[in-house]
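Each structure below is given as C-alpha cells.
Same chain, two partners: chain A is paired with chain B first, then with chain C.
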Partner chain A sequence: MEKILMRGNEAVAEAAVRAGCRLYFGYPITPQNEISEYLSLRLPQVGGVFLQAESEVAAIHMVYGAAATGARVMTSSSGPGVSLMQEGLSCLAAAELPCVVVNMSRGGPGVGNIQPAQSDYFQAVKGGGHGDYRLIVLAPSTVQELVDLTYRAFYLADKYRNPVEILGDGMLGQMMEPVTFREPEFPPLPPKDWAIRGKGGGHRKWIVCLDLDPKGLEELNLKLQRKYRLLEEQEANYDTFGDPEPEILLVGFGTVGRILKSVVREGMREGLKLALFRPITLFPFPRAALFEKAKGVKGILVVEMNLGQMLEDVELAVRGKVPVFFLGHTGGVIPTVSEILEHVHGLLREEIRV
Partner chain B sequence: MKHHEILIAGFGGQGILFLGRVLAVAGMLEGHEVSWYPSYGPEMRGGTANCTVIISDEEIGATISDRPGVCIVMNEPSFFRFAPTVQPGGLLLVNTSLVRAKCEREDLEVLSVPANDLAKLYLDGAEVTNTIILGALLAWRPIVQRESAERALAECLRGKREKLYTLNLKALEVGWEFVEKGA
Partner chain C sequence: MKVVFERPKTLLEKPFTYCPGCHHGLAQRLIAEVIEELDIADRTIGVGPIGCSVYIYEFIDVDFVVGAHGRAPAIATGIKRSLPDRIVFSYQGDGDIAAIGTAEIIHAANRGELITAFFVNNAVFGMTGGQMAPTTLLGQKTKTTPLGRDPQVHGFPFRLGECLSVLEGSAYIARVALTRPQFIRQAKECIRKAFLTQMEGRGFSLVEILSPCPTNWGMSPKEAVDWLEEKMIPYFPLGELKVKGCDSREAP
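Up next, the complex of A and B:
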C-alpha cells in the first residue's frame, strides 16, 4: 500500500473522511488549524459540510444536533477551545450521542502557548465538564496510529453511544510521518434506531440531556456507569516494549510514549533492564494490565508533558506495590532522551539501588 | 544501521521546511523510517525557522534531537544557536554567503557552501539556495541517493509549474558539482 508523508493534522482529517465523517463544525486555534483547512477543502468534495462556527460553544452544540440525526460528526480544537466545549460535551455524554473530538493540546493553563503539552489529561479523562460522565479517550503517539485510532474512534463512538476524544498534542499535529490508510474491518454496529431523522410513519422520539425526576436521572447515571465499567472490561488498550523482565518500567502516553521508546532502546544498549508501558486508551485506563506488568519491577518512572496527571492513575493502578517516580515538563517544553536516561541512572543510583 | 538526525535552520522564506520535507520524502521512497518536525512558533517570513528530519532503519521514537548528527545553518542567528548543539564528530553545513562567523569547534566536520553566491553565479539569483544546499549535502554525505532526492523534488512540487521543478533540479546539480569539484 502506498505511503504518503503527511502532517498529523491532515492525516486525522483524511482518516475521519474515510471513516464516513461528513460533517465538521469547528473554530480556529493553533496548533490544529490544518484540520479545519483540510476539511474545508475535502468535505465539499464528498458531499459533506464544513462549517466554521462563531465559537467553540456553538461548534460543539452543532455537533450535538448532527449527532442526534445519527450522522458521523467531528470537531477539533486545542486546550482553551476544548475548555469552551465542556458544557456541550457533558450534554453529549448525557444524551449518549456518538461524536469525535480532537484535542491537539498546547501549553496551559490559560491562553498558555501553542507548543505541545499534555496538561489536558485531567480534563479529557476525568470528565472535564459538569456531572458524572466520561469520554472515551484515545492517545496516539505516531501519525500512523493517529490515523488508525481515528477510524477506531468513530467505531467506538457508535458502538458505545459515547463521545470520543482523541488526545494528541501540537507535536503530533504538526509533524509529518509516512502513513497508509488501511481501512480496518470492525464488527457490525447496531442500527441507530434512536436517531432523529423525521417522524415519517414512526413514533415520536426526542433526545435531551435533562431529567427533572431525580429517580430518572439517577437511573441514567447508573446506566452510564455500567457502560463505563463495560468499557474498562472490553476496550482498555496499551502497548509494551523492551525488556521482558525490566527493573524499571517507564510509563508515558502519546508523544512522550514514543520518546520513551527511544529511551528504552538506548538504555538497553547500555545494558539497563528497561521496558515501556504506553497506555493507548486513557479512558478506559489499562489498570489491570499495568498492575500485571508492574509485578517484579523495582520502580516505575512516569514521564509526562504536565506536572503529574496520568501519574495519579498509575499510582491507583499499582496500589502502592511499587514505588512510582515522576519526571515532567510543562508549558511546551519537550523532555529529551538524554535527560530521561540521566534521570533513570539517577534513580538507579540514589533511589532504587538494584 | 542507518540513523540520521538532521537539523535545518535559517530565515523564514529560505525554504527550510521544504528542504526538510524533500529529505524526508526521499528517505521514505528508499524505504526508511522518517519523521519531519517543524518549529511552529509565531514564525513569519524573515523570522527564524527550523525543522528536524530523522531518517532511520529503526522505528523513530523522539522526533527532535538535542544533539543532531547533521546540522544545516542557512543564516548567522542559526549558526550561533545550533552549531554548539551538533554531536561531536557531526557534520555542520554552513551557508557561508550569509554566515560570516567561523566555527571554532574542532570536533566537527564543517562543509562551507556559499549558496547565495552560487545561485547568483549559476541560476540568475533564483531563490533555490535550499536545494543547492541539499545537492551539496548529498554529494558530501549520501544520506539518501541523489536519484531519490530528485524523485522527492518531483513529489513535493507536484501540481506546481514544471519550470520550478527544472530549476530545482538545476540547483541540486549546482550544489552537487560545487562539492564534487572540491568544496
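Up next, the complex of A and C:
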C-alpha cells in the first residue's frame, strides 16, 4: 500500500474523513490548526460539513446536535480549548452520544504555551467535566498509530455510544511521518435507531442529558458504570517492547512512549534488562496487563510530559507490589533518551540495587 | 355539530405543568398549531434549553434534543447542518438565550443559520426561583435585585431582538405578547412567518414572546398581565423588528 508523508494533524483529519466523519466543528488554537484547515477543504469534497464555530463551547454543542442525528462528527482542539468543551463532553457522555474529540495538547496550566505536553491526562481520563462519567481515551505515539486509532475512535464511539478523546500532543500533531491508510475491518455496528431525525411516520423520540427523578438519574449513572466496566474488560489496549524478563519496566504513553522505545533499545545495547509498557487506551487503563507485566520486575519508571498524572494509575495497577519511580518534564520540555537512561542507571545504582 | 376549536394533535394530550398565569402553555400551543397547519411535524426537530422552557419537549409531539444551558442555538446548528431538509427550532428563556447563551444566539443569527428561535421573555429567572434576568426591567425587584434593578450596578435590560436585527444573517425578528386575543392572533402569524423564513431558506428567524411570571413576580395572574402590558411592552415594543427578503407579508 502506498505510503504518504503526512503531518500528524493532517493525517488524523484524512483518517477521520475515511472513517466516515462528515461533520466537523472547531475553533482555531495552536498546535492543531492544520486539522481544521485540512478539513475545511476536504469535507466539502465528500459532501460533508466544515464549520468554524465562535468558540470551543459552541463547537462542542454543535457536535452534540450533529451526534444526536446519528452522524459521525468530530472536533479538535488543544488544552485551553478542551477545557471549554468540558460542559459539552459531560452532556455528550450523559446523553450517550458518540463523537470524536482530538486534543493535541500543549503546556499548561492556564494559557500555558504551545509546546507539547501531557498535562491534560487527568482532564481526559478522569472525567474532566462535572458528574460521574468517562471518555474513552486513546493515546497514539506515531502518525501511523494516530491514523489507525482515528478509525478505531469512530468505531468505539458508535459501539459504546460514548465520546472518544484522542489524546496527542503538539509534537505528534506537527511531526511528519510516512503513513498508509489501511481501512480496518470492524465487526458490524448496531443500527442507530436512537438517532433524532424527525419522527417521520413513526413515534417521536428525544435525547436529553437530564433526569429530574433521583432514581432515574441513578439508573442512568449505573448504566454508564456498567458500560465503563465492559470497556475495561474488552477494550484495554497496550504495547510492549524489549526484554521479556526486564529488571526495570518503563511506562509512558504517546510521545513519551516512542522516546522510551529508544531508551529500551539503547539500554539493551548496554546490557541492561529493560522493557517498555505503553498504554494505548488511557481509559480504559490496561490495569490487569500492567499488573501481570510488573511481576518479577525490580522497579517501574514512569516517564511523562507532566509532573505525575498517569503515575497514579500505574501505582493503582501494581497495588504496591513493585516500587514505582517517576521522571517528568512539563511546560513543553521534552525528556531525552540520554537523560532517561541516566535516570535508569541512577535507579539501579542507588534505589534498587540488584 | 361543527367543531370550531380543538386541541391540535401536535400538542400532546397532557396537562401543562406550568404555574397558573404563566404563558408558556399558550406559547407552546401556538407553536404546535403552526407546526400542524404547515404539516411539518414529521420533519421538525425541537431543541430544548434549561429553565422552565425545557418542559416543552414533554408537550409537543415532535422529536426533541435537550442539551446544556444556553447552547440550544449551537445544538440546533449541529442538527440543521447534519439534516438540512429538517425544520429545526429552539425554545429558550431569557436567562438561557440572553445571558449565558448570548454568544451562541448572536453567532447563529449572524451565520444566517436556517433555524428558528423562540425566546420567552418573562424578565426573570423562573426555574431557579426569581433571580434577575438580563431582561429584568430597571427598578424591578427580584431575588437578586431586592431593592430593584439599579443600572449603575446591573446595567440595562437587554433588547435581544433589536440586537439581532442589525445582523446581516437574520431574516425575520418579531416580538409578540399573548395578553389579548388580538395579540395571540398576531403572535401566531409571526410564528408562522418565522417557520416559513426557515423553510424558504431566507435566513435566521426569531420570535420573542413576552410572558408573565406571576409566581416570581409575586402577583396574581391578572396583575401580572397588567404589569406586562404597562411595564414590559413600553420597553420591549411589539411588532416585526426585521423582515428581510419576503415580499407579500405584512406586519401584523
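Throughout what follows, the second predicted complex is superposed on the first by the 354 of 354 C-alpha atoms of A that agree within 3 Å, B and C clash if a C-alpha of one lies under 4 Å from a C-alpha of the other, contacts with A are read in each partner's own complex, and residues count from 1 in each chain.
Heads up, the rule we're going with is that a residue touches a chain if its C-beta (ideal position, glycine included) is under 8 Å from a C-beta of that chain, and two chains touch if they have at least 3 such contacts.
Computed from a predicted model, the values in this text were never measured in an experiment.
Trainee: Which of the two, chain B or chain C, is in touch with more residues of chain A?
Mentor: After superposition, C is the partner touching more of chain A.
Trainee: Who does A:V137 touch here: chain B (first), chain C (second), both, or neither?
Mentor: A:V137 contacts neither chain B nor chain C.
Trainee: Quick check on the superposed pair: does A:K199 touch chain B, chain C, both, or neither? Answer first, second, both or neither.
Mentor: second
Trainee: Please work out whether A:Q115 is in contact with chain B alone, chain C alone, both, or neither, and reply first, second, both or neither.
Mentor: First partner only, chain B.
Trainee: Is A:L311 touching the first partner chain B, the second partner chain C, both, or neither of them?
Mentor: A:L311 sits against neither chain B nor chain C.
Trainee: Touching A:K3 in the superposition: chain B (first), chain C (second), both, neither?
Mentor: first
Trainee: Can A:V101 be said to touch chain B (first), chain C (second), both, or neither?
Mentor: Neither chain B nor chain C is touched by A:V101.
Trainee: A:A71 contacts which: chain B (first), chain C (second), both, neither?
Mentor: Second partner only, chain C.
Trainee: What does chain B use to touch chain A in their complex?
Mentor: 21, 24-25, 28, 33-38, 40-42, 58-64, 66-67
Trainee: Touching residues of chain A toward chain C in the complex: what are they?
Mentor: 22-23, 25, 49, 51, 53-55, 57-59, 61-69, 71, 73, 87-88, 91, 95, 196-201, 204-210
Trainee: Quick one: which bits of chain A touch chain B in the complex? Just the residue numbers, please.
Mentor: The touching residues are 3, 5, 30-31, 114-115, 170-171, 174-178, 258-263, 265, 334, 336-339.
Trainee: Under the definition above, what is the set of chain C residues touching chain A in their complex?
Mentor: 41-45, 47-48, 50, 54, 57, 61-68, 71, 74-83, 86, 103-104, 106-107
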